[in-house]
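The structures come next, written out as structure tokens.
Below, chain A partners chain B and then partners chain C, in two separate complexes.
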Partner chain A sequence: MSRLWFVPGQLNATESMSTSKKVITREEWEKKLKDVKIRKEDMNKLVMNFLVTEGYVEAAEKFRMESGTQPEIDLATITDRMAVKKAVQSGNVQDAIEKVNDLNPEILDTNPHLYFHLQQQRLIELIRYGKVEAALEFAQEELAPRGEENQSFLEELERTVALLAFEDIKNCPYGELLDLSQRLKTASEVNAAILTSQSHEKDPKLPSLLKMLIWAQNQLDEKAAYPRINDLSTATLEDPAV
Partner chain B sequence: MPTLAASNRPEDLAASLSEVVGVENGAALLKTLREVKNQIIGNKTKKLQYLHLGAVPKIVSVLASASSGTADGGDSVIIVQAAAALGSFACGVEDGARAVVEAGAVPHLVRLLSHPNGKVIDAGARSLRMIFQSKLAPKYDMLPEENMRFLLSLLNSENENATELAVRIIAHSCDKREEQNALCDARVLQRLLHLLEGSLSQRDASLASIVAIVKNNSEVARTFASIDNGKSLGALTELIHDRYPRTRYLACMCLIAIGEVSSFAHDLQTKTNLILVLAKLLEDSSEVGDDSPFALLDMIADKEELQVQIVAINVVEKFCNYLEKGSIPPRRLQGILLALAELCSKSEICRGQLISPQFLNVIVDALQHENAGVRIAACTCLKNISRSVKNLCAGRFSNESFIVPLVKLLNDPSTSVQDATLGAICNVSIDFTSKKAAIVKCGGLPLLVQISKSIDPSLRLKSVCALRNLMFIADGTLKEYIISELTISELTCLICDSEHLIQEQALALVSNFINGSIDLIELVFAEDGLIINAVMRQLRSNFATQVSIQGMFLLCNIAAGDESHKEAVLSYLIPLKSDEYAHLLIRFMQSKDKLLRTATVWCILNLTDPAGANSSDRVRRLQDGGIISQIKTMVNDPWLDCKFRVRKVLEQCMIPQSMRM
Partner chain C sequence: MENKQAPVAAREDPFDLFKLSSRWASGEAESSSLEIEAEEIPSHLNTLNSSGMFHMVSTDKMSVQYVGNPQHGYDVGAVQANCPAPTRRIAYYFEMTVKNAGQKGQVAIGFTTKEFNLRRQPGWEANSCGYHGDDGYLYHGQGKGEPFGPTYTSDDTVGAGINYSTQEFFFTKNGELVGTVSKDIKGLLYPTIAVHGPNEEVTVNFGKQPFRFDIEMFMFKERQKQEELIGKLTLPPNVSHWIVRSYLLHYGYQDTVNSFDVESGIMSPHIPTPQENGFKEHGDAYALNNRKILRQLNLQLIRNGDIDSVFCKLREWYPQIMQSDTSVLCFLLHSQRFIEYIRAGNLLEAVNYARTELNKFFSVNPLNNLLEDVVALLAYENPSKSCVAHLLEPQQREFVADAVNAMVLTTNPDMKNNKECEISSLEKLLKQLTRCSLERRSLTGDQGEAFDVRKLAENVSCR
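Showing the complex of A and B:
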């Protein structure tokens, strides 16, 4: 019996969907939300996690004192990590490498991708400042052996060295390597590796929670109309569109 | 005057290391050490360069003199740099690890672990951890009480680096039963279980240690499984679904090790889960993906139940789909092919799944792979796929593209590859039609003949076996061609080879040659009976039953020929002058081996065939030799095949002279 029922039901599904959506009013919604309890300590921990992961060391210190929330790692390590990140961001890659090695020599020894990307960044900096000879020598001595170890490194190396072939390097096909965004990319890779070596998650939890919120809203959209949060920065509840 | 290196070139830095030895040159030494360290970290080429420049012993002596002095701050900084440099040398480069161990760094580094400065302890522990990750690290003898106490103090230390070092030492060094028991008694398993909740690297190291402690030790495995009323197994079962691939892999290894020696984690469902996790892991881009097929291989080797299960849950299909994507790292490819080979060794369904044009392309590429391990794995796989008689009969190996690369491998510089290739060729050449021709057309025959003269007995054996299979129901032209390549004198040498197994295969080769055509039987009598004389010599002097069986089957085949052949066989078996051979026949018929009895009776059956003109004469000679009365005692032989032929012989002997042709 149920089988016979099922077929027409499915055929009508698309038609009936728009009309059968449940509408939840703002009052009902707020009442439901009120029933959800969230502990203050959890909130504080999320904030602390965000500050620590993103490297806001002074803010984390102040927040620790004011809220009494203990950070998951020694705040001193944040300073070191930030110094490394900053060195890459400002193009002092060699300095960054030495700092990482002082922090923990295992990081670069056990992470060939990261090591290659740092060396590649060094090469990019040499090219950026027009040190052609030094760049060539560096590419040959330091980077070429890595390319022999790994095919994908070789391809990246070729792309980077190709920069030397153009007069106007900013507008050449691989010009994006010279963008600030390339430095930021490398810096965030180092940051993530240091965090992992400290057994810390490399991403803060807060963005994941927001991502989950968006996903849950998208799921719910198919079934109901309800006060949605569209602007994450203000978290305002919008009236349901009926 | 402190010496500074002339430049940052490795040659200058390495040279200045020996000049600045002596702690009084602190600043210059520190600068040099730091520079060397920063150059080698992550850089394999530089590590090797410094190794050749002899930097490691120099740094060890710096470490030794710095750590033996009074422990003021200046020393600590140098110690930290020296320790870090040594750790890096040991990381990722085998020669480096060897150099560090040989230069005697380990005891100095161990001493650092009791240093008052936490940073020095960290540096020492990290360095040792790198060293103990290498297979070349010395085993730590944990049985002496003092050593065990030190190990436990590290394990229970507050310093995470020290704890992890202890865990790695256990994983690396614990391989004796007494060590396993001692660690178990010291409640190390409980501590390791606790560390599973720690940092990622602690967790992975702990899993590896648990494997080392429970491996092949059912008592310890039982103890582990009962910790906290079985929570330990629960923790491992959760970890096989962890988000980190390495952790999943190591947790699988733990459960496999426990399952092998105890009833815990031994049910089919758990094992199926493990198989699925391992099969999924091979897609991981890290080392784990290379190791997982080997873990799977160990797990399923010789376990038919699991092999059936693996085929049932479509893992073979997943493997094939993955392989067809191409560009797979060599070790992983090797592992997957070996796992498939293992599955094909028994499962006909699996063989059927692998006979597809796509998979054969994978095999063809693997046969030509630059890595010898992959080539061997491809051959092994091919060998086991072609075990399928059904598919061979149906000629389902119609794609012959793999024959050319396979034959080419007979010339491979590696003996192991040649060996595996012969294994594959042996099976492929049984093929009833096309493959034989293909192998010959690619020039395989002269190569096989050449290898049959090799000094390596295994190669000799397999090449003769391949030739024998090539000979199996081949057409007359091919048979003649094989013999002309091999030559009668060479064949005689093989029949008289020092190895029994080779003698047996060579005799079988002759049997396959003469099988089916009376004309071809002449071969055994050619060149003054070189072959038949060799056969008789082997029958007389050989105590290896298998050789006697093949010899008797060969005589049996000859006796199936015409009158002259029957006469010849009988005259060899029962010569007029001596009764030595008659005893031989009686001895064979009294053998415990059913096949030898059958072969002998069968031969006599052919000799007494009433269709032959001289058959009654031959019966008489057999009677005179006491053979028939021996046969009479065998009418109730427990082996049906033999019993049937015994009765047949007796029937034939009863036929009166007048009724014979």
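Showing the complex of A and C:
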């Protein structure tokens, strides 16, 4: 039975080459993967790039010693950058602003969005700790003039000030501003700006490589059925669906 | 060459020597690298395959002049480049300058297939495409064209290109993009220029002179468009973090892992600890336990080159991988011992060592080739400046340490398939990415740029 089916099936495949997908078995694919040579030093560079960009200064130093990979940037600069990031993450925005200015005053001068977001974060922290009067004063003196310059600043300012209208700020419609994720967002914005000022890419290469993998697999899906990696963290090949 | 590619000599070694690193015989790794293969690029006009009496190509093969007496549509002088446009790139482009448009200016630029009738204008026939000077029309496979751009005449420079990522032809005039049109022709395409009237003369530029059009910027923007699309994809949270951690574990960078964990706790409290995460470390858990032992070994190996004690300990702890004394692992360790003698300047001891421990590998294929490189260190007064100097670099020690590491990982009794744990997740992902990109290119007529991890890692540093 299977032989009878097999022959016309094969003919069909050759006739409609352009429309039907090529099927690559696991065995063929694994053989092809084996021929792809990835250099250890390239992987080391990618890992070092991740550690440096994300600010793992100790780990980067240890990695330099253990693997002999040279970091692409002076590791001392990471320490300063991380101190700023940490200050924002723990809510010490004023401290963070001073530290950024110590590093390079041009960073805030040339990034009005960043400066606004830091000030906004400062307002959020004041509201978080119930300092209503200080919050009002700060909003009026520092933030309102900026909102007049820029429509998107104004909208964000309004959302933030709206927090003052609620007693239970955590459960109000604008409560998400109090989430840790808001601090992290601001912190990563500062981090990126400092990296850019040091002529370093603001994002590590690894995540974009992973995105490229997803993209490359999607693109190849149009042409062929082959073993995919669907779970990036385990990198397990999954059999093609035929 | 071929026997060098063959992976391993002794059967009990399940790993591929070349998989571990390209440190060894770096020249070879070079040749197996993907994008190095050069494609031929058009450099001059083809004078062998010609339309006959209607045109004359200059002696430098860069200009064409019409010399016939045009009566009809079958006495065009079309000339192709010496070879087809290369395809393994994001775009190809060339230019033509009209030196003399004659009376009618019936000059044209475009692309044609190999079988094209050179007595016709590019675009008039099937499987060809051309931008014509006299009417500014685009001709795309038939005698009737469509309005496309401005006309061009004497002293104008026009260009024709193929954008492989969008599958389009594009044309330029005097450095400005005129327009694009979809490319529906399959197969290799030849840059083609044509003249069709008395005194008409054109000169071609395949890139030896700077182009009027900024093709670099064009390609940069094309790549950027692609990157933007890719940037919009989303990843599972913290996946990079776990891949990096698993990589560090895999290769036994224990100090780095420790710092990494401490720092993630401080800096990124939102990332769960490895225990909380339930992230599968499969082979790596076994690796970690063995790592405590291995770490001492690797430190000795990497920092001090103390191979003797590594041998001792491996024999004691992992007798199963030290059974054969002609295994790749033994070879690597013995070679490293020899290299350490050379480094210390103990040439006599090196010779003695070679005689007692290394010479047996001369009969093991393919290790004999590698061994020749190692022993060649003896031949140089200053080996660190010789062609085998890479053997003395610290990375060579790391390479050997990785080999020991990989070997120990294969002793994990829980892993049914040793292949699984030999390679880090990061390497698996990079291989998959490279392979997918190559596969797709080969399924689209070998067109476009393929991913090359090496290029990417090399410009990892500052912009």
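Assume the second predicted complex is superposed on the first by the 223 of 242 C-alpha atoms of A that agree within 3 Å, B and C clash if a C-alpha of one lies under 4 Å from a C-alpha of the other, contacts with A are read in each partner's own complex, and residues count from 1 in each chain.
Everything below uses one rule, namely that a residue touches a chain if its C-beta (ideal position, glycine included) is under 8 Å from a C-beta of that chain, and two chains touch if they have at least 3 such contacts.
Owing to the predicted nature of the structure, the values given are computational and were not obtained by experimental measurement.
Undergrad: If you stack the two complexes on chain A, which partner ends up touching A:L33: first (chain B), second (chain C), both, or neither?
TA: Touch status of A:L33: second partner only.
Undergrad: Would you sort A:E149 into first (chain B), second (chain C), both or neither based on which partner it touches?
TA: first
Undergrad: Could you say whether A:E58 touches chain B, chain C, both of them, or neither, answering first, second, both or neither?
TA: In the superposed model, A:E58 contacts chain C only, not chain B.
Undergrad: Name the chain, either chain B or chain C, that contacts more residues of chain A.
TA: Comparing chain B with chain C, the partner touching more chain A residues is C.
Undergrad: On the A-aligned overlay, A:V47 touches which partner chain: chain B = first, chain C = second, or both, or neither?
TA: A:V47 contacts chain C only, not chain B.
Undergrad: Considering only the touch criterion stated at the top, classify A:S199 as touching first (chain B), second (chain C), both, or neither.
TA: Once the two structures are laid over each other on A, A:S199 reaches both partners.
Undergrad: Of the two partner chains, chain B (first) and chain C (second), which one does A:Y115 touch, if any: first, second, both, or neither?
TA: After superposing on A, A:Y115 lies in contact with chain B but is clear of chain C.
Undergrad: Is A:G91 contacted by the first partner chain B, the second partner chain C, both or neither?
TA: Touch status of A:G91: no partner.
Undergrad: By the touch definition above, which chain A residues appear in both interfaces, chain B in one complex and chain C in the other?
TA: In the superposed arrangement, which is not itself an observed complex, chain A uses residues 199 for both chain B and chain C.
Undergrad: How about chain A: which of its residues touch chain C in the complex?
TA: Contact set of chain A toward chain C: 22, 24, 29, 32-34, 36-43, 45-51, 54-59, 61-63, 65-68, 72-73, 82, 85-86, 89, 180-181, 184, 199-201, 204-217, 219-220, 223-224, 226, 229, 232-235, 237.
Undergrad: If we count contacts the way the header does, which residues on chain C are in touch with chain A in the complex?
TA: Chain C reaches chain A through residues 16, 18-23, 29, 32-34, 227, 229-231, 233, 235-236, 239-240, 242-244, 246-248, 251, 253-260, 262-264, 266-267, 269-270, 279-280, 282, 302, 394-395, 398-399, 402, 424-440, 443-444, 451, 453-454, 456-458, 460-463.
Undergrad: Report the residues of chain B in contact with chain A in the complex, numbered from low to high.
TA: My answer: residues 34, 37-38, 41-45, 84, 87-88, 91-92, 126, 130, 198-202.
Undergrad: Which residues of chain A touch chain B in their complex?
TA: 97-98, 101, 104-106, 108-112, 115, 142, 145, 149, 196, 199
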